[in-house]
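These notes open a run of structures that come right after.
Both complexes shown next keep chain A, but they swap its partner, so chain B is in the first and chain C is in the second.
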Partner chain A sequence: MFDKLPSITSFISRDRNIGRLLGVALFILIILSILNPGLFLTVSNFKSMAYQLPEFGLLAMAIMIALLTGGIDLSAVGIANLSGVLAALTMIRFIPQGAAGWQITLVIGAAVALGLVIGAICGAINGFLIGRIGIPAILATLGTMQLFTGISIIITKGYAVLGLPDAFLYFGNGTIGIFPVPLLIFIVIAVLFALLLNKTTLGQELFLMGTNPTAAKFTGLDNFRLTLKTYMVSGLLSGLAGLMIIARTNSAKADYGASYTLQAIVVAVMGGVDPAGGAGTVIGLVLAMISLQFLSSGFNMLRVGGSFSNYFRELVWGVVLILVMVINYLDAKKRARTPQESGTDAKAQMPDTAAGAGSAQK
Partner chain B sequence: MPDQILNVDNLSKSFAGVRALQGVNLTMERGEIRCLVGENGCGKSTLIKVIAGVVQPDEGTVTLNGRQYRQIRPIDAIREGIQVIYQDFSLFPNLTVAENIAFNYNLARKKQLVNWRDINRIAREAIAKIGVDLDLGAYVEDLPVADKQIIAICRAISQSARLVIMDEPTTALTEKEVRALFNIIKTLQREGIAILFVSHKLNEVLEISEKITIMRNGRNVTDGNTAGFDRASLVKHMTGREINETNAAIVPQAGNGSVPLLQAENLSCRGRFADVSFSLAAGEIIGITGLLGSGRTELALSLFGIRPADAGTISIEGRPAEIRSVQDAVRHGIGYVPEDRLIEGLFLERSIGSNIVAGTLRRLTRRGLINRAAVGAQIRQWTENLHINTPSTELPVKSLSGGNQQRVVLAKWLAINPKILIMNGPTVGVDVGSKAEIHQIIRDLARQGIGVIIISDDLPELLQNCCRILVMRKGRVLEELPTEGLSEADLTHRLSATAPAPASGTPAHSGQRKQVRPS
Partner chain C sequence: MKKILRSSEFFVALVVMVLCIIIGLINPVFFSWENLFDLLRSGVVTGILALGCLIVIVSGGTDVSFATIAIFAVYLASKILIAWQFDGTVLVAFLLSAAIGTVLGLFNGALIAWFRLPTMIVTLGTSSIFRGAMLVFIGTFIINKLPQGILAFGQATLAQVSNANGAVIGLPVSVVIFFGAAVLVWLMMKYTMLGRGIYALGGDRVAAERAGLNVIGIQLFIYGLVGFLAGISGVVHASLVRNVNPFDLIGTEMNVIAAVVLGGARITGGRGTVFGTILGVMLVVIMNNSLILLGIPSYWQRAAIGVLILLGTGITAWQSKRESAANLLES
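Up next, the complex of A and B:
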């Protein structure tokens, strides 16, 4: 964990899951390109994926960080929509007719800040319920998901908030060179997120807490503050996703992207995040996301099953998720049965390994 | 009925090229009590698993009651009357005593319907057979460890066991509970049941067994009547080298300096302990002992801030110290090596290195980011200082043996540069060789001026290392004994004298003994 960054090849061979994911992504890419080169292998198709991916990617990272601590964040989409709605309303209300450029910039800045702050506050509420009150994360965030969505519905009365300033829409639709702005934002955030997880005390400590919260407590880590910070980061990412959504669609809705939550969990698990906590990489998450995005784009395009293509998409995602999990679990089982070959301690650990596997199943 | 229940002949087993068993032989007869001893990783557990049919051997045969098997399945072993009681007992905590005892009996007969009268009858018979008294309707999760063990034994004999294999049965038991277990073993023996007793604790081995088999590196090195062994020869056979366990008994140095390092006065925590006062000087090693539930672990947890005391004062180096959380304790330089290494002490799946720096990451940063060089240096320093034996600190800590794992826990605390180290059962589940080395490390730490508190059941351990021993009972400190001139027999006597024995042969299981777990 602390050694120098390994070369790409050794990195792939070290983490079987990542190699596998890369293989899957390439396989899908090639198959789809062969099946329908005219549609799939085009700049416009990749562009459309590049615009859709970032908002989902941010939500997936928001859920991933909660999963790393052994929790989950079901409210991520709810937070995104609440942030989006409040930011959109701010921009619409406070930008006067015929406002000067600087005024518009100022209000957009305020709206963005508000969206992020709302995200962090919502996350803090989750963190408090989970870390201090002790409600299981899945229940606490199920509750807050309803709460945040409910607030958005009341504010918007169920209608979409429309008519955002063009300068803001740039963040969801513009390009720099040939690169879509949202994709660039996503890449920057993903790199920062990976840095946070791997290079900061917070990141490393939350991995430790996710591995064994009791040992974390006995080591002197402050589990409550770690949980609070984890969900605040999660909320921030969700808030940012919300801003990206409204910038791309030019509208804020209380119930946008409801299916993102479960899809994000699919992507995280497929990307090698351990739902029990303590393990997972950003690169795995991103690769899993790309594979699944290829799949859904491909299926949409191939018109598999004609108008049923959307139903097929769900089915394929399900099949892929189950396949990946079956492979991973079988692999883990196989490795648990054969002790690690390296080391002078190999002999000593033998009976222990077997016993450990036995008790772990209980 | 053949007299020979078990004959293991020339058994070998390898895991991924590492030989766990090499030509092992073992014979057990009716009503025989045999001990199987050896260091961690010598192949004891693998041997038991082969006999139980859980692991298939590569070579050799196992003969059960005269029938020779090449491949035993678990169901064959059970039908032949082989019952293994593993360390965790494999009980269902949410079921009652009676259900736990009779459940397998029902399963073995493929009964589809549960007859509650049968269940209770079977359980009652099993309990009567070993002459103990247990509430059949109690839930297993509410019972102390000793009772759980009795339930596991009852379950074994209710399935007409002919050979009961007990894997480290006394690890979690107090002196008195061990006595009760030995009585049960003798009762089983009179019924003609053979017992294979696997243990680290040499005194117990010498006391209970008639025959001893010693294993080392996957072979059985010696086999013979217990009368032919003593402690020293056992240790020698187990480790293959001479370890003088008692050369350890350097005169423990008393602390120096007029201001005590740690001074506890009238510490109380409702329902856990009351009115505890003691002092610890820099460079001093003191011991705390007492039966389970005596409050010794609770006292340690409160000094460490997990469950703060609600009355009394603690001062450190003469200044009053407020310890309301683990963070407070760490800030005051208190480290705690917990009782349950696997759950409380280690992040098993994470690397050895990240376990070592787990508590000090915050101190190893530069401009907000983790300073990889400093982290690496610290890992290297402690791996070397404590002789943690591993090819790479990148390996998960669960790949280490018990003794090396305990060193990792120690390293984690030494990294915070502690003034006071509280060690709860520092050598539980650690083999003889590592044990002596861990004791040496503790003494070295004291020599460097760290005040050490050892909480232990292992009386020789306390006598060899501590200069004073606090005896606790029911949450109070009964006596504070200087170890100079104190013998093990003395200490045992004092421990049992403070706890009047209940009706003979009946392990006590009143609520007071229930161990309170930290939340």
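Up next, the complex of A and C:
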């Protein structure tokens, strides 16, 4: 009885959200294709999206898993850049001039491993600060964001690290058949991540802790170890995102992609992740990401706002975030009033209570 | 006495003093009037923003949009004044900028109060909207020719010293605005129904509602006031740097939040004082400005601030965790 309740509620919300998101994505696709058929429906356009989305998608998943537990990870981009900087420096320092193929492969392998380990360590630091010391997630990751970014700045002295080996750049720019490598990596990771959330005990425990940490504690869950694991997964995903960023751009910077944090939260909330914790799906996240990418590519292409299109995008994403939250609130309120659905279920989902708990936590 | 010793304000004050002594021992320049004026000057804008931020945090919310509101308000206000060819008193600039800020703050407040949305995510969204709207519809260029009133206000000083090189360093009048605002906020938080209501709201929202407080009204007031203070700080910032750059200030909100939290305000609401906030601002400003005096390269600044935030929040979090464990054992 106890473990069935959340699965029913999450199924209802998942169904509704995914339907709505698919609708939004298709609507944007059709409108843009009609307005500008020659530009939007081209292979090159979809290709450029396929290279840009993966790194962002990984960061969005990193922030999503923290949101699921009722926390937040503001340091994801900082972790990504630190991992990227260290991996890039490893490759540049340790590949000698005219090195043999196996040497290069070895160093690249080591650099990738280092990037991922750094990501996991940074995540573990977050988890320790939040779970053991008891710093609220928003403050802990605010501090570590500054710290990790600061370490990257100290290491690079503020300069970009350039000149990565071609074999490594393949992961950011190559193709297998017609599919871009980064997109394939992203799909594999997204599937693994979805399995982790839905098919493993860890995933179920995460949702439980996000819904009600006190209940989770009294069910016998070790909230500290769960928090630690959550942020380590988050850190790993961020580290991987960092590697993909340097593989695509051929440079590592301490302050790359600062706007990704906000965008990732937008995508997560739009994709049905409850910022107060306890609800959200990977498929919703991916669909939200695609819709927003359609939207921003569309604006870029239609030259809305002239040369300011980048700023216009910021405006639109903000509006979308607020609108989605207001619609979700009104929707939950309406459902709370309709008697045929189980009253307790709908009430548990009311942002009313959720927002209270959320703002208390954040 | 014991209560004073255990309060977080006392602890922060101690840290500030120790920090000052250490920096002063390493580099005596720290204790010069020149450096003191310099610190006050760079702390004014952070300080005014921190007062607004404190009120939000006490009420149990988190606002990350106030820095964007500040630059939006002063940028739009300057554009309007220039369009009017207004060259009169700086008061008009303050009124205009504060009014714009209040409107934007009320927009946040309306979303938060009526739709009961999580405050941090709302303000993340609105700061993106405000910034986007400013850069698309108002402009992206730096305004160098500010109205005379603002420039004159920035040059007016309370006191002046000249350093060894003969350069004159003044204490800007805007320091008065900061201390004035601090006193007003302190009086409001401590002695008015409204102020007590804000503490009650942050302590326990449901209890505050049951006690008959108008929570929606209080929230509208809080976010409106944050916008108002942001508008004021925008003009102060413009007067000190003598231009308005639409890319300025944005990003400083994290330093401000850090200052408020380091000053003993609890991020989950219900606790926080003006005095503590002033100490927190001092801590952050001293850290930011004194690395150079210590001979540490400026690119260490980010990491140092990060460590400061983690230490400050970590110690308070650890203390309250142990306290609640001790309470459980006692009862």
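We adopt the following convention: the second predicted complex is superposed on the first by the 325 of 362 C-alpha atoms of A that agree within 3 Å, B and C clash if a C-alpha of one lies under 4 Å from a C-alpha of the other, contacts with A are read in each partner's own complex, and residues count from 1 in each chain.
Following the convention adopted for this analysis, a residue touches a chain if its C-beta (ideal position, glycine included) is under 8 Å from a C-beta of that chain, and two chains touch if they have at least 3 such contacts.
Fair warning: this is a prediction, and the values are worked out from it, not measured in the lab.
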item: Which superposed partner A:321 touches (first chain B, second chain C, both, neither); value: second
item: Contacts of A:329 with chain B and chain C, given as first, second, both or neither; value: second
item: Partner chain in contact with A:93 - chain B first, chain C second, else both or neither; value: neither
item: Chain B versus chain C as contact partner of A:219, first or second or both or neither; value: first
item: Contacts of A:157 with chain B and chain C, given as first, second, both or neither; value: second
item: Residues of chain A contacting chain B in one complex and chain C in the other; value: 351-352, 355-356, 359
item: Residue numbers on chain A that touch chain C, as the complex places them; value: 72, 129, 133-136, 138-140, 142-151, 153-154, 157-158, 262, 265-266, 269, 275-276, 305, 308, 311-319, 321-322, 325-326, 329-330, 351-352, 355-356, 358-362
item: Residues of chain B touching chain A in the complex; value: 15-20, 40-41, 43-46, 49, 55, 86, 88, 217-218, 306, 325-327, 329-330, 336, 338, 343-351, 353-354, 358-359, 361-362, 365, 368-370, 372, 375-376, 379, 389-392, 394-395, 398-402, 404, 412, 416
item: Chain C residues within the chain A interface of the complex; value: 60-62, 111, 115-122, 124-133, 135-136, 140, 205-206, 254, 257-258, 261, 267-269, 299-307, 309-310, 313-314, 317-318, 320-321
item: Residues of chain A defined as touching chain B within the complex; value: 1-4, 195, 199-201, 204-205, 207-208, 211-212, 214-222, 278-279, 338-356, 359
